[in-house]
Structure formats: C-alpha cells, structure tokens
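Contents: one structure, followed by commentary.
Chain naming follows the written order as A, B, C, D, E and F, and within any one chain the residues start at number 1.
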Amino acid sequence: MKKISRATAVIIATCLATLPSIAFAADEISGADTAWIMTSTALVLMMTLPGLALFYGGLVRVKNVLSIFMQCFAIAGVVSILWVLFVYSLAFGDGGSANAWIGGFGKAFFAGIGRDAPFGTLPESVFSMFQLTFAIITPALIVGGFAERMRFSAMLAFSIIWLIVVYAPITHWVWGGGWLQQMGLLDFAGGTVVHITAGVSALVAALVLGRRSGFPKTPMPPHNLTLTVAGAGMLWVGWFGFNGGSALAANSDAGMAIFVTHLSASAGATMWMLMEWLKFGKPSTLGIVTGMVAGLGTITPASGFVGPMGGIVIGLLAGFICFNATQIIKQKLHIDDSLDVFPVHGVGGMLGTFLAGIFVSSQLGVFSGAGLAEGMTMAKQVGVQITGILATGFWAGVITWLTLKMLDAVMGIRVTAEDESQGLDIAEHEERGYII
Amino acid sequence: MKLITAIIKPFKLDDVRAALHDIDVQGMTATEVKGFGRQKGHTELYRGAEYIVDFLPKVKLEVAVSADKADEVMETIASAARTGKIGDGKIFVSNIEAVVRIRTGEKDEDAL
Amino acid sequence: MKKISRATAVIIATCLATLPSIAFAADEISGADTAWIMTSTALVLMMTLPGLALFYGGLVRVKNVLSIFMQCFAIAGVVSILWVLFVYSLAFGDGGSANAWIGGFGKAFFAGIGRDAPFGTLPESVFSMFQLTFAIITPALIVGGFAERMRFSAMLAFSIIWLIVVYAPITHWVWGGGWLQQMGLLDFAGGTVVHITAGVSALVAALVLGRRSGFPKTPMPPHNLTLTVAGAGMLWVGWFGFNGGSALAANSDAGMAIFVTHLSASAGATMWMLMEWLKFGKPSTLGIVTGMVAGLGTITPASGFVGPMGGIVIGLLAGFICFNATQIIKQKLHIDDSLDVFPVHGVGGMLGTFLAGIFVSSQLGVFSGAGLAEGMTMAKQVGVQITGILATGFWAGVITWLTLKMLDAVMGIRVTAEDESQGLDIAEHEERGYII
Amino acid sequence: MKKISRATAVIIATCLATLPSIAFAADEISGADTAWIMTSTALVLMMTLPGLALFYGGLVRVKNVLSIFMQCFAIAGVVSILWVLFVYSLAFGDGGSANAWIGGFGKAFFAGIGRDAPFGTLPESVFSMFQLTFAIITPALIVGGFAERMRFSAMLAFSIIWLIVVYAPITHWVWGGGWLQQMGLLDFAGGTVVHITAGVSALVAALVLGRRSGFPKTPMPPHNLTLTVAGAGMLWVGWFGFNGGSALAANSDAGMAIFVTHLSASAGATMWMLMEWLKFGKPSTLGIVTGMVAGLGTITPASGFVGPMGGIVIGLLAGFICFNATQIIKQKLHIDDSLDVFPVHGVGGMLGTFLAGIFVSSQLGVFSGAGLAEGMTMAKQVGVQITGILATGFWAGVITWLTLKMLDAVMGIRVTAEDESQGLDIAEHEERGYII
Amino acid sequence: MKLITAIIKPFKLDDVRAALHDIDVQGMTATEVKGFGRQKGHTELYRGAEYIVDFLPKVKLEVAVSADKADEVMETIASAARTGKIGDGKIFVSNIEAVVRIRTGEKDEDAL
Amino acid sequence: MKLITAIIKPFKLDDVRAALHDIDVQGMTATEVKGFGRQKGHTELYRGAEYIVDFLPKVKLEVAVSADKADEVMETIASAARTGKIGDGKIFVSNIEAVVRIRTGEKDEDAL
C-alpha cells in the first residue's frame, strides 16, 4: 500500500496541478527530475522522428516511402504549433465546471505561465514539451492504417481535427484531471491515450478509405527492412523515455518503468519469434521487431505499476495475442490496416490496460507489482480499466469515422487510382526516395 | 558476325569471363536479369502474408564475335557455366549485320 | 528584469570563469547539471555523427556519399585532438591582455586542470567536452558548401586552419569573455559562433572552388532521401542538447530553450511546406526537413531568451526567409553552395541573432521573452546584435577566402574533372556506398 | 592518491554491495545519478539496437543483412529474459563461499528486491537494467565472427550457453566481487568483461565454423556502408553511456570518462586513417570508422582512470595496433573472423586493459591519470592487468570452443552450402532486405 | 527459332507471364529498362531545382520460341499487355540461329 | 526493320538522345549494363582486402528503326557518343522481322 502511494503520487499530482489550487505553491523545481524529463523528451521525439518514420517508411513500397516521412514531419510541425495555441490548454488546463470532460483555454498561447513556473518538480515548459511529444506520435501512429493511399491534404486536415476532438479530451480524461482519472484508471504512459486511440482510429480509417488497390491478392512486401530495423531500434530506446519519463521524476518509479518496459519488449519479441517459428517454420526479422513493438505498446499503461516478472508475462501475452490479432485482421478479415496499427497498438493497448489492473497487485508472489491503491480491489480496478478501454476506444472510433466521412464529402480523402499506382512520392510530392 | 547471348547463374559470371579471356575474347556486356523457367523461386513471408518470388536472379551475357569464332565461344560458355543443376541457363546465337567501334569509327570485324 | 538575471547568469559565469579569479572557488559541482550536460553532449555529437553525415550524405549523388561521411568523421577526429592540444585553451582560456580577442595557452593539453575542477556547476571536463561537440559540427556544416568536388586532403587542411583561425577566436569573442560578450551580444547557443561562421564560409568556399561540373544545367537530385530524413530527425532531437545544453544547467532556462527550439523547428517546417505548396503546387519531404533545419538554426542564438510564441514567430520567419534565400542563391545567382549551407544556416543564423534582440523583450505581450538585461534598450541590443553578425560573418568570410586561395596555390583544392565525374568515393577513398 | 579514492569508490561500492552487509543501509537514492544512469542505459541499448545491428548489417553481403539484424534482436530478447530469471543473480548476487567465482541465486527472478531498494545511490532496478545492456551487447558483438554462415538456431543456443557460462562468471570476477576485483583489476567499463571475451570468442567461433565459402579468394565487400556509418555514429554516441555510465554517478569521473572516451575514438579514427593513407595511398570511410571502434574498445577499461592526453595516446596506439592486427588475422593468417571482431575488440580490449595499468599513474606529467590505488605500484598493477587479460581470454576461448563443438555434434552449427550461397535472409528467415 | 522481345508496362508483367504460361511457354527472361517514347515522364523538384525525368520504367521480356509458335506468342503478349493507353510498349521479333541448354548441352528446339 | 544496339558511356546518354531526337527518332529503350572490354575498372579496398572491380557501368541503348534509316541512326549515335577515349563503346545492327505496337496492334513500320 505504501508503494502505490509513490506510484500514483505523480498522477495525483498531475491531477491537482490542473486545479486552481495552491497545492504546488511550495514546490521546488528539481534539477534531477528536470534533467531526466528533458532527456525523456528527446527520446520520445526520436521515437517519431526519425524512429517511427523509418519504421513505417521501410514497410511500404518504394514508391510511397517519402509520403510516410512527409506525413510524420507534417504532423510534428502542425501539432506542435496547435499545442501551444490551445491544445495543451484543452488537455491540461482547468476546465472549470466542464473539467471532467475537457480543459479550458486558460493556458492558451502558454500565456501567463512564467519561465520558472513549476509543474510538480518540473518547469512547466518541460512538462508541456514532454507531453507534446506524445501528442505528436499518436496521430503519426495512425498513418500506418491509411498508408499508401490517402491524400496528403486530407491527412493533414484529419490529423488536426483528430488532435483537437479526440486526443485533447481523452488526454484530459486520463491525465488532465478528467473523469477517468478521478475514477482511478491506471494508465501510466498512454495505453488508452496513445495506443488504443491510435489503433482504433487506424482501423476505422482503413475501413473508411478502403483497401489499397490489389490488396490482398498482390503482395506488398516491405521495400527496405533496414529502415524498419533502424526505426525499431530507435523505438525501443525511445520508449525508455516514453514510459520512464512518465514518472515525471528521476526516481525508482522511472527506473522500474524502464526495466519492465525493456523486459516486455524482449518477451514480446521472443514470443513473436517463437510463434512464427512454430507456425511458419522460420522466424523473421519483421516478426521479431513487430513482437517488440507489441510488447512495448502493451506494457505502456502498466509500466509504472508492475514488477519485472509481471513485465515478462505481459510481454509474452502481447506477443501471443497481437500475433494472432494480426493474422485475423489482415489474413482472415482482409482488412487493409496496412501497417497493422490496430492489431499491434490497439489490441496491445487494450491488453495492457487490462493487465495493468491485474499485475499491479502486490499479492502475486514474484509476479507482484506496486500494489493497488488504498480502497481498491482487483475486481474494481479491472472494472475501471475496462471502462477506460471502452470509453477511449469508442470515442476515438466514432470521431474518426465521422471526421473522415465529412472530409471525404468536402475534399476527398483518397488519391486517384492512377496516383496510387504511380506512388504517392511522385504524385503528391514530386520526388523519389532513391536515385541510386 | 554473331551475337552470343547467354543467360547464366550469377555466381558463374567470373568463371565464364575467365574462360572467354582464355580464348581471347575480351569484350562483353553483362546485364542483371530475372529468369523464369523450370527452376523455381522461393517463398517470402511478411507478417503472415505469403509472397511467392517466382523469378531467379540471372546474368545475361552478350558477346559479339566473328562468325567463325561463334561455335568456340558457345562451347566455352556452356562448359564454364555448367553446374549440371536445373537453372544453368541458355545460350542463343543470332546474326549481327554491322558493328561500329564508337571511339574510332572502325567497322565490323575490326570493331570487335 | 529579474528573469534576465537567470538567463544571462550562465553567460556571465562563463565569462568570469575565463578570468584568473577565484570566482568559482566556492562552487559546487551539481550532479543534475552534470547529468544534463553529459546527455546534451551525447545529443550534440549525434547531430554530427551520424546526424549531419546522413543528412548531407543523402543529398549528394550516389558516387559521393562516402566522401561526405569521410569528411565528417575525419573532421571529428582531427578537431578533437587539436581541441585538447590548444584550441580549447584559445577559445576558453585566459588571453591576458589580448583577452578581448583570443584566449591564451594556459589550458593547453588540458594540463593543470584537476579531474574534479569545477567550471560553474560542472566538472570542467564536461564543459570542455560539451563545447568540443560544437567545434566539431561547425566545420562539418561547411562541407555542404564544397560537397562533391573538394580534395580530401585540402578539406582536412582547410578545416584545421579554419578551426584555429576562425572558430577559436570567434568562440572566444562570444562565449570566452571576448569583446562581443563584453558588449552584451545575445547568442545563446551559436547563431554567430556556429551558423553564421559556417554559412558564410560555405558560401565563400562554393565561390572559390567553383561550381560542380554540369551545374546548374545537369540535375543533381539527392540520391537517397531516406538517409536525409533519418539525419534530419537526429538533428531535430540532437538540437535539444545543442540549445538546451547551452543553459549549462538542468533548469527552467534549459527547459524553455528546448520548448522554443522545438516550436521554431515546427514552424519552420510548416512554413516551408506551405511555401512549396503555394509556389510549386506540391510540398516535398526535402522541403519540410529543410524548413525544419532553418527553424532550428534560426532559433539557436535566441533560444535562451524568447518565449514559446516568440519561438513560433521566429520559426515562421525562418521558413519564409530561408526558403527565399535558397531560391535566390541557387536558382537565381547560380552559386553552387551545393547543400544550401548559406541560405539555411548563414541566413538563419543572421536572422536569429537579429531577432534575439527583439523577442527577448518582456514588453511584447504573449510574444514576450526573458527580458532585456538591465540598462539595455531594444535599440541598443539590436545594434549589438548587428555588430555581432557583421563581425563574425566578415571574419569567417575573409579568412576562408584567404585560406582556400593559399591552399589552392600550395596543394590544389579541387579534384580533377575525371575524378569528379567518377565520383569522390572511388577516386579519393576507393570504396563504394552500395553493392546491392 | 586522494583522487583514486573517488575513481575506485564505485568499484569498491559495487564489490561491497554484493556482500550480505549493511554497508548501504544509510544510502540515499540520488536523483541526479539515477537520471544519468537511466540515460546511459538508453545510450547503451542504442549501441546494440540499432547501432551494432546497422554497423554489422552494412558490412555483410546483401543476402545476409537481415540475418545480422535478426541475431542482434533475438539475442536482446532472450538475454533479457534470462537476466531477470537468474543471470543477474549469478553475476551480481552473493555467491556465499563460492563468491570468488560466481554469484548465487539469491536475486533470481529479481525477487525480494524492493521497488525502491538502493544499490549505491541508484535504485537497484536501474543498476540491473544498466548492466543488462552490457550483457546484450557482448554476445551480439560475437556475431561478427561467424557472420554469414551460422545457423540461427545454433546461434541462439550458443548465445544462451555463453551468457551463462562465460559472461555471468566473468562479470562476477571483475565487477561482482569476484577474485579479479579483489585483486584490484582495473576494468572501468568492460575491457575484459565485454571486449576480450567477445573478441576471443569470435575468433574461436570463426575457427570452429570455418571460413565462408569463397574466402579469401572471392571478394566480400560491405553491401551498404551507409548502414555501417549510421551504426558507427550511434556506437560513438552510445559509448558515452557505456563508459560514462560506468561511473554509476553523474560526477566528474563520469565526465572525464566521456572526455577520454571521445578523445580515444578520435585518435583511433585519425590513426587508422593515416595508416591507410600511408599504406594504401587512400584513406577510407570503413577504415576511419573501424579505427574509431578500435579507439572506443581500447579506452573502455581505462576510461575511468586516465586523463585527456592519456586518452589520446591510447587511441593512437589502438589505431596503430588494431590496424596491424586486422591485416595479420585476415590478410596473412586468412582466418575468417568475418567482421574483424578479434583484431578490433579482442586486441583492443587487451591493449586497453594493459594500458589502464600504466596511464592510471599520476606520475606521467600531462599524460597522468587518476593515480594508482594506495599500496599499488605500476609494476604490480600491470601484473594484475595481465592476469585479468589472460584469465578472461582463456576462459572465454575454451568455453566457446567446447560449446560450439558440442552444439555441432548435437544440432549442427553451419548452414548448408546451398543456404550459404542463397543467403541466410531467404534460407533462414524467408525475407529480403531490399525490394527496391 | 525466334526471339520475341517485348517492352511492356511493369505492372503487366504478371498478367503476361500467366498468359504465356497458359499457352505452354514457361521459360523467359525479364529485364528492368528505361523507356523513352511518346509517353512522357514526370517532373521532380528538389529545393526548387526542377528535374525532368523523361524516361519511364518498363520491363523488357525476352522469350525464345520455335518459329511456328512465334505468332501465337506475339498475339498472347500483345493482348495480355494491352491497357489501351499510351506507353503500352512494343514487340520485336528476330531470328535465332542456335540455342543451347547449358545444363544438358541439348541444342536448338530441344533446348527451349 | 533494324535494331540498333549501342553500348555507350552513361554520361553520354542525354547527348545521344538529343541527337536522335533531332533526326526524328523518338522511341528507344535503355538498360544499365556492366561492360567488360579494353577499358579497365578500378580497385576497391575494404579493411585491406583488395577487390578489383573489372567492369564499367555502361548504358545499352536499343532503337528499332526502318531499314533505310539504320545508317543515319548509327552515324548519329556514333558521333554523339564519341569522346575519343577508350571505352566509348560499340554499335551493333541486327535484323528485326516484325514489330507490333501493343496499344493499337499496329504492325511493322507503322508500329515504330
């Protein structure tokens, strides 16, 4: 019990910080915590640029590699500007009477926040910048669902609307003092906020946009797995900042979060390798890195709450379940969620959010975690977790569907068949990846 | 003059070149090609999606020689490129009516 | 006013440290600051190796990709050795009566500096190593000006002379207690020291060496934009260490520097994308990453002084002005500054140094920065900034010109036409980038 | 003398920590140290994934690039799981009466170690995770010895056995309170533990497996030096965490370790470049990055003990000696240690472990280091160093030989000639690196 | 014997191969080539520098067949490769005087 | 009809195309090939291992033309591709018996 107080202190602090209280009046900025969160910020930015860009870029056909890069960079640019203008305020500001649902405009333009204003033990600039890197990677993850066929302009419009209507409120619900946080949802680093929202939205986008022409008959193998592997390595490393940084401090919570994150990635990779070995006779590089990402996505919500052996179990389950999910979505249902965002991130996020409610328990022997919060039972916690999964998945799915339908009517979301066959690099950006 | 075109296994290129060198053929042109034939390709698997690669990487070698040398060149290539396993490739012979060496403008046999 | 004291404390401290005083006698090494600056050092090294090497390497033709890598690595090796021998001392040592212009040899061989000797709140080894990463990237940036045609040996000779005669003194002027620092020049992380010197020198080098054969008639498109994008991502991430580390502490100045750096990069990228969209009908990957670099270079001198909204404005201006500068230099004037070092870094560095004098002001509403130093007016500050721009640009340009002319006479600086057409990889290094 | 107390405090602390004492009862976790070691952990992981994977991947022929990646990722996955199960305990646990040779199972499953349990000034989760990244990279380095011809399943079996029988005990000897540590061996960051063990094992593996078919007649040039250079840059940067993190604190020892690490890399790169220039007429990119790695590997054991000028000398010697070693092993002896692991890491590790005993001295003028421990003479220290070199090299070599012979009898360790000629990517993993 | 050389659009390769397979032609060799013709390429822009890519990626297919089968093969390729849009490509027929199967040394018609 | 096959230096491709354009030849097909001949390649060194690259990158240009135009085309290519240095390449002329334009089904001269 004592332990959970530490593990959740951060979350409670975050919550309080959004209230117009004087709770932090006496807070001091900690150099160590600041150093660590600035480092984590760099690591999480590296996850998207160049990490995810390379990971995804290698998976598409050679004619679309730049379109992936372009989408990742454009999202980073536009999201960052909107973040300062008002999205940070919507996510982490005080929403007054609507605070259960959404923050207000009090922090718009980052105005009125002193250079030295503390947020917990961090300068608020550092907290806001750290969170911004999460707001960048989440819409960038969705790109994998509609890769190789969406118009660039429509992609940009979609990402902007999605950021404001899906990402900002859900972040507020879970981390900004909103209803899910009040309810006690355990989501340390973004199982719901990042992975479920991205995974579900990618699935919906894949369905609304339709399959790539030729799918599933024509093979569409990755054009350059060296990029994918380079990106995978950066994702693994960067995730230490993603989960470790979510402790918002350089302490043992951060340290344990990194440890379990690493172990889950390892277990996910190993399990996926074994599944392929058993099922197809040979394990593949693409498989092992996919298992790694599944392990990473799945541990994310649980990373601040579970112990090393819990982390391994979560990773093994991630490898097993996400592997099967991938087979079902693409090979059985023939849904062209092109880069498997839903089966890996969506399913992983759900699984991890669920398992966080279990492996947090301090009653599981060597598999114990930090312990449930005072007054919580495992059953009650799991109920909260399921509520969180359903609420965030539902909201993300519905808004994505509505937004894309609306955009399709207004501007068209899919490139012409000719542009698709020529490739988005030439058709949308007039350049080619390689001239070798 | 004749153009000898041989489709061979890529790792045999060096042997064939050496063998041709020995019979005093020094000029030739090689191209990387994809061969389809009796020899079968392989399967690749990406996240469970099967992808049958039915072509095999081959090298096409083109050698222009005087008519009287054509048979010797054919034999030389055939024996140097042979492994006895399926997919060793083919040699085609066709006629060339004229040859020019660009550098000097020399024509026909002189240009080879 | 209070705020500026913090923002400039570092600079003043740096200045004092170079005097033979006992100012730091009572200083304690801070673990947090040390942790952050060691991290920043790693980030800044990553900017050059592999960041800049990949960024530049992707932009040249396939036959010259290794020559770029080789130049970056060789510069890193040679500069580092010279740094310890005497260049660090010239830049940050005490120059005695000549201290306004150049440091002395007191710190040569890093001799007499104890393992635990403090420099501000850092071990001096950490400060020196951090600064060394700046001394590496600056000559490496110049490589872009003479890419694809300079002899490797001449490049090495040039870089060595340039380091000693341009980089060391200018660093001393601006950060080592020299005349520009005394005058109050605001250059937080190297707008003058790094970007103006590199940009101007690259332009002069491009002019002295002459155009690549075929330029501008023959198209010379980038051979592998996946390298360029990978490098661009590393530059973005690494710049957090470049600007954030320049606070020399893990505090709110570092945090705000990172925040504005990120925002300027985002705004620069977005603006360049919009410019291309408007002007050419299609936005490109190469464009968006170039805009990002422009935003990063431009915010550099200002990053410790401005606020988030100021950062966005600086980034937007960087995107707009550097975009047009690129068009003018290459398309109009047909100067073959091959990888656009001057229009991006040189113009960006000038612009940012200038704008630092404006957006530092605390009188600009939501666009306010940390505030002018006591006794400064905006007009006076802008005057100082312009002095800094002119002095550093002039010195770098003249010395570069003289050095190259001298080297050309002595050893020849350009490869033969045949070597140029064969490519430097084979001609100068006997190896090829790809055997695929 | 005073200085060495600091430099060795860490090692002594490590040693004590493995004893069932209450030595650390009063220890406090330091936020700054925790921040730095978490950062270092990320940096060292980046060295393997993607660093080493890319470095090695670029050096093989195009048909085997994925097999390298696969081996690196699979090692990371499996080693990490075993680490928590019992390998960490064997390396750093208390071995009771056998403690001179091996740790016990007391820390198996990481059980009984509280989330906040301190290890020195770090949470133990952070210490264990940091050490895990070393346990990953060491077997991954060996991959270079048997590249392009070993069966994946045999590679996995070998790595597992090697981790348990070679890596765990040797780590215990040197850092876990074992006999070499008791004897006073200076190995700051893994000259013996990592580089000698990996280098010798790679050499033995190359001999047991035999040459690649065609070697040395057929040229087998690197297929993509852009990968190798990208990986090289990441290795350089990551090594700051490797050596700097080995101080286990954010202090001046860490700072100086980074400084000398960087200088040795620079000197190694420069020296290799000069050697090629003199011997072959042209310096190459592959050469300069190889020299860099040689400099890094060689400084590793010495990095906490020597000064900047000592670092330069060590790097120059590394470049010179490892260059010649490479020529001898491969060109003269025709041993197909395919990616030159022994001449670079093995020889470098030996050289550096030896030189640590010399340049630690505080009697060498500008070349002085931190000073010998009390009661040590240089002769005695050098004797200890040589003992360490021989013991670790011998153990690693013998066990590797036995393991491979055993595995060859049981399951076969080499792929068929046909698979070798087709390439491991297709034969073992059914995928290709590039479809461009 | 005849050599049928067809320049076709790359994405039509699978269709053509299937069609040839149906008429019992199993061996063929494909090469990636750059086509220049009536169909125009595209423009690329790099930092404002325009770069006109005037070639189009095409595949060259070479099939050696016995003389009596040549017409059927030509027709088959033509109809399988046709999209009706500009740039569909050409088919050339030339004569081959001799063929060797390297593996067995079989000659001419037997070697196809 | 004739098939003119020219092996030229890669950097001469643009000049040759322009020259052919001037004499109204618009269609042609280019392939990247490796040439072996009198001109020698270069040496590469990787960690001391010498690697002799004995081929040179060349471009093979194929142009089908009516028989009466063949000589003009040959001359044009030869003069546009000439640098006078070793390795300028060769031109081969062979006979084509039939041509089809896939898009329209047009035959022979009409199809060029």
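Just so it is clear, contacts are C-beta pairs under 8 Å (C-beta built on N, C-alpha and C of every residue); 3 or more make two chains touch, one makes a residue touch a chain.
Quantities reported herein were computed from a predicted structural model and do not represent experimental measurements.
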item: Chains touching both chain B and chain D; value: A, F
item: Required steps from chain C to chain D (each step between touching chains, minimum); value: 1
item: Interface numbering overlap (same over half, different under half) for chain A and chain D; value: different
item: Selected from D-F, A-E or C-E, interface repeating B-D by over half of its contact pairs; value: A-E
item: Whole-Å gap separating chain B and chain E, where each centre is the average of the chain's CA atoms; value: 18
item: Centre distance in Å when chain A and chain B are each reduced to the mean of their C-alpha atoms; value: 53
item: Centre-to-centre distance between chain C and chain A (centres being mean Cα positions), rounded to whole Å; value: 34
item: Centroid distance [mean C-alpha coordinates] between chain F and chain C, Å; value: 47
item: Two or more partner chains touched - positions in chain D; value: 30-32, 35-36, 39, 221-222, 224, 230, 280, 282, 284, 286, 430-432, 434, 436
item: Chain F, residues touching no fewer than two other chains; value: 31, 44-46, 94-95
item: Overall pattern in which the protein chains touch one another (line/ring/star/complete/other); value: other
item: Chain-chain contacts as defined at top; value: A-B, A-C, A-D, A-E, B-D, B-E, B-F, C-D, C-E, C-F, D-F, E-F
item: Residue ranges of chain B in contact with chain D within the complex; value: 11, 42-46
item: Chain C residues touching chain E - in the complex, by the definition given at the top; value: 216, 219-222, 276, 280, 282, 284, 286-287, 290, 326-327, 330-331, 340
item: Residue numbers on chain F that touch chain E, as the complex places them; value: 3, 17, 26-31, 64, 94-103, 105, 111-112
item: Footprint of chain B on chain F - complex, ascending; value: 2, 6-8, 31-38, 55, 58, 60, 74, 77-78, 81-95
item: Parts of chain F lying in touch with chain D, wherever the complex brings them together; value: 44-52
